[in-house]
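Below are structures written as structure tokens.
Two complexes come next, and they have one chain in common, subunit A, joined by subunit B in the first and subunit C in the second.
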Partner chain A sequence: MLKILDSAIPVACWSCSVAHNESTLFCPNCSKIQPPPGGDYFSVFGLEPRLHLDLDILEREFHRLSRKLHPDRFARAGENEKQWSLADTALLNDAYRTLKDPLRRTQYLLKLHGAEIGEEHAGRDPQKDAKDPVRVLPDLLEEVFDLNMQLEELRTERKAGAADPQLTVALEAARSKFEGLLKVVDDDLHAQWRVWDAGSESERRAAQNRMVALLDQRRYLSHLLRDVTETLGAE
Partner chain B sequence: MAYSDKVVDHYNNPRNVGTLDKASPEVGTGLVGAPECGDVMRLQIRVNPDTQIIEEAKFKTFGCGSAIASSSLATEWVKGRTVDDALAIKNTDIVKELSLPPVKIHCSVLAEDAIRAAIGDWKKKNATAEPAEAAAAAQ
Partner chain C sequence: MAETRVVGIDLGTTNSLVAYMEGDAPVVIPGVDGSNLVPSVVALDPLPANGGRPTVTVGNSARKALFQNPERAIYSVKRLMGRGLSEVQSELRFFPFRLAEDVEEGEVPRIQLGELKFTPPEISAYVLRQLKRNAERFFGSPIRQAVITVPAYFNDAQRQATKDAGRMAGLEVLRLVNEPTAAALAYGLDRSKDGTIAVYDLGGGTFDISILKLRDGIFEVQSTNGDTHLGGDDIDNLLLAIALDEIHAEHGVDLRIHPGAVQAVRKAAIEAKIRLSSADVAHFDIELPNGDRYQREIPRAVFELLIEPILERTAGPCKQAMADAGIAPEDIDEAVLVGGSTRIPAVRQLVDKLFHLSARGKKPHSELNPDEVVALGAAVQAGILSGASETTDQMLLLDVTPLSLGIESLGGAVARIIQRNSTIPASTTEFFTTGVDGQTNVAIHVVQGEREMAADCRSLARFDLRGIPPMSAGLPRIEVKFLIDADGILHVSAREQRSGKQAHIEVKPTYGLTDEQVESMIIESFDHAEEDFAKRLLIEHRNEANTILAAVENAPSNPAWQQLTAEEREAIAAAQAQLQAVKDGDDTLAIRQATLALDQATRRFAELMMEEAVSSAIRGKTMDKVSEDLSENVTAPHAMAPAEFK
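After this line comes the complex of A and B, so read on.
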């Protein structure tokens, strides 16, 4: 379960009893391994919760902590410490995989701040949603629908053994167009990252809503591109 | 996860697949999407202007089996109902009828959204000040 940021409650080290930030894997005082911390993924690496991350630092810290958590180092340790080294390693891997990928990092941080993304709004209240204009993408939907129709047509024609070469051309054109749209979405996302990282509380809120909508659009576009590429590649 | 028999039946024999003339004043078109899964659903209704009864309904859905079954069922259910009656169809009714598992509830929401969007489009075209519309706006 995700915990909200800034909830780093000091906890006492099980070994030396000195209080430390809850999200460290090792006690800063006596260096003993700690049970899996309850804070967010950023604090595991000692990083500020930001969308623009220094990936070099992330990777360096990941390797450093992975080495420190290696099971060989706990061969003669107590049963608790052995268990924790495995649990901490699992947490570290999850945290690294989530933070190094820009989209997963964005989703993760927005979720920490209460945004509902993807499957999370399954079973949502449609009445409430209809009032939320950032979610509604009528123009994009039209295009998505039309492209799906073209894809289906091409598949049917192929099955009948007579694919219209013009349809393939149209799909290839659509593919470049949607790749372009994806690029626009990604550029916009990066622009929102900057706002989110540096903005005031209200600017942050606006950027967050925008990013949730962009992530929705992105999911459509990437699904669609996958389908187009599969269909074109099946020749 | 196995689909229920009813979902499989609608998936294998979808009812009312097709297109109605979007330009006709008697036709309402609803195009909705579920960004969580990339599904798109188009549902169209043809309304008799004298009786307000939905005489024809067509759909086309690109999505999973549950999305196709939900929209197929929706077209069956709206046919023969008045416009206001059709608005009473709830996604939970679809969930029950098709025994959709919790992860597929959003497919039924999509179908309900599609019905509302199609009726909304038809109302906009015909600009009738329906009491139901006023009630919906007041919500």
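After this line comes the complex of A and C, so read on.
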């Protein structure tokens, strides 16, 4: 099930010995597959690191590279080429998965630029970062507090057998309100994308800080909405 | 090219098939009896009178043994692949097979078949070998490479077990392909229209739903879901249970103690089920051992009512798959039906309802034989891998991992590192450190599943990172790379970053065979050589002797020992000495006889011990509690310091 993979990076092409740029999937000289390059996810697709991406172009490029890199194309190749095809395709898939999703893409790019993001990470309590409304949503403390109370109440009443229909109505209203808030956050995020992609160095820095805060809010709001939906749906 | 021909194999719960690409079209290879389907049944012929190994038969001829010698035949073994002891035990409640008595927690369970014991991959290997032979007879040349299909929802252990079975059968498994995806490939050959496809695959023992996007010959799976414990078998078992209860109530005959008769009723239940796909009513008419007849009519309406809860269990996975793919039923352009159970009209109605088909003027696809379509798709994938035809060169399958991969973190919670429905191959890198000064080992527990706590997920492997240079706690930075390959199987590598040392990984797969075990089970090796079989039998008898000797060794410490008479104890000592004397020799028969003699001599002791156990159970604990206590011990905390994440 498990084995150790080799990850040495040659500078020259293993096949034709012509030296090549490290971040290439295929040798520019002889077109042979190369071990995973060191660059970021954007460079896998030959893209500039930007937050606005044309998803159609991204998908087309993903399919084009998959056709050339996939292990299915190397079923009868030598052991090294097989291993590189596997590693390169994993990199391609990881890159595509990250870049095609707007949130993952934003997080990834901000992290490349040194931002600390309370991402759900192995070993961290995924709830912990999101459970700090004082930091994340200082303007909405009261609403959040009320909502959590109502959620708790509904769960308790359900357990006891009889839930107050009024409570369900109130929760559904709260859900619409928080969905609206989520939409506002998303719109703001998209506006910041434009600034980040086109702005000056200082504008960029401001946009970055704003996005880090927005991502925190977004994560908090989605956790909250998930809780509400689950509780309402668990009838 | 004949030497390098790659075949596609559908290793099914009920039936298995082998197919190949004839030019641009996949074709199923028939067996010697002319049938395309090889029933996935394996039977052991009676021991030859002059010694030697009993012949293993597969398929239709083995099916006969189910009725005549049920203790020497096995079917639906796919449900046991890659499963641990407790899972197999609960599964076997519905099947007439027995576990070998000396099976222990933590090893791959073995099934007792006549005088021999087999792991599930070995049984599957016999089915695969039969298919391999059918193909070799068909081509007149040896076959060494194959694509084998697995349910999309199979986990890592089940996939590995399938690959092991291929190796035991003498096949290099070039790729494991998910069954619904294979079916989509088979359909995609002649309709290269772009769009979104839902494949609903209800087979003999497993259910899968996959949602794919087809674009320019690329089949990109968006999401998959399923239940590896749901299929036609469940319908058969339900009808069987009802019939057995009625026979017991109306005729006073408990057939459950006659395995052969149970198989006869099971056969009648399956025939009734099949009939009800075309007829409005089916009849049961079975002669009972006491001469009575059990006669009963099942109208289709009653049948549909009975199976509704089973079919309803497919709805949840379908909805989840659509949600994961981010689509609504209206976004599905085509629905494809796969698996023999989709012949049931009620299943078709459910599919229609789930994907809003007839409301949009659509019909699900079932033009390709639902029993054959997976094997045909496997052949297409074999064609893609061998690069043999221009048609298949245009096609590429991008599949996903069905279950999230996670690591147990402090407190037993799961930290997800690869989300379900990620396109494979997929990888991720995590960093670990030590919690204690000078710690040189870190233990990591890898699990698969969607639950929050590791204990509720499927345990894949525990591994130890060893050889970390001693440093202050938290200083080492160990990079661990997890990679799921194109077969959906996990690989792990590790490196300590500060020292640049490759950490040594010692892996203990939670379920599954080691490389050496698989090697020793390659069936060609003991299939042709008489002495190999003799050797195997000798080893099994010797193991049995050692087991009973170890038990007798411990006997005097049991309170029941005090209740034996002096004569009884002497008889045990004599039998014990006799077995000790012969057990390491090569005389299989002598070992067997001495073992039986010792077993005989200790019979009363065993009875006394059992009484003791029963009365202690009554005194306080129920048996369930006792077994719970036992399993708690099995999962005792790992001796090494737990991994900490950085």
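One rule holds in what follows: the second predicted complex is superposed on the first by the 194 of 235 C-alpha atoms of A that agree within 3 Å, B and C clash if a C-alpha of one lies under 4 Å from a C-alpha of the other, contacts with A are read in each partner's own complex, and residues count from 1 in each chain.
One rule holds for everything that comes next: a residue touches a chain if its C-beta (ideal position, glycine included) is under 8 Å from a C-beta of that chain, and two chains touch if they have at least 3 such contacts.
Bear in mind the structure is a predicted one, so any value in this text is a computation, not a measurement.
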item: Contacts of A:71 with subunit B and subunit C, given as first, second, both or neither; value: second
item: Which superposed partner A:167 touches (first subunit B, second subunit C, both, neither); value: neither
item: Partner chain in contact with A:94 - subunit B first, subunit C second, else both or neither; value: second
item: Touched partner set for A:86, first subunit B, second subunit C, both or neither; value: second
item: Subunit B versus subunit C as contact partner of A:206, first or second or both or neither; value: neither
item: Residues of subunit A at both interfaces, subunit B in one complex, subunit C in the other; value: 120-124
item: Contact set on subunit A toward subunit C in their complex; value: 1-5, 7, 59, 63, 66-67, 70-73, 75-76, 86-87, 89-91, 93-94, 96-97, 120-125
item: List of subunit B residues in touch with subunit A within their complex; value: 31-33, 35-38, 40, 42, 60, 62, 91, 102-103, 105-106, 109, 112-113, 116, 139
item: Subunit C residues touching subunit A - in the complex, by the definition given at the top; value: 4, 156, 160, 174-175, 215-216, 218, 220, 381, 384-387, 396-398, 407, 409-410, 413, 415-417, 422-428, 430, 460-461, 463, 481, 483-486, 489-494, 502, 505, 507, 509, 512, 644-646
item: Complex contacts: residues of subunit A adjacent to subunit B; value: 118-124, 126-127, 130, 135, 137-138, 141-142, 144-145, 148-149, 152, 216-217, 219-220, 223-224
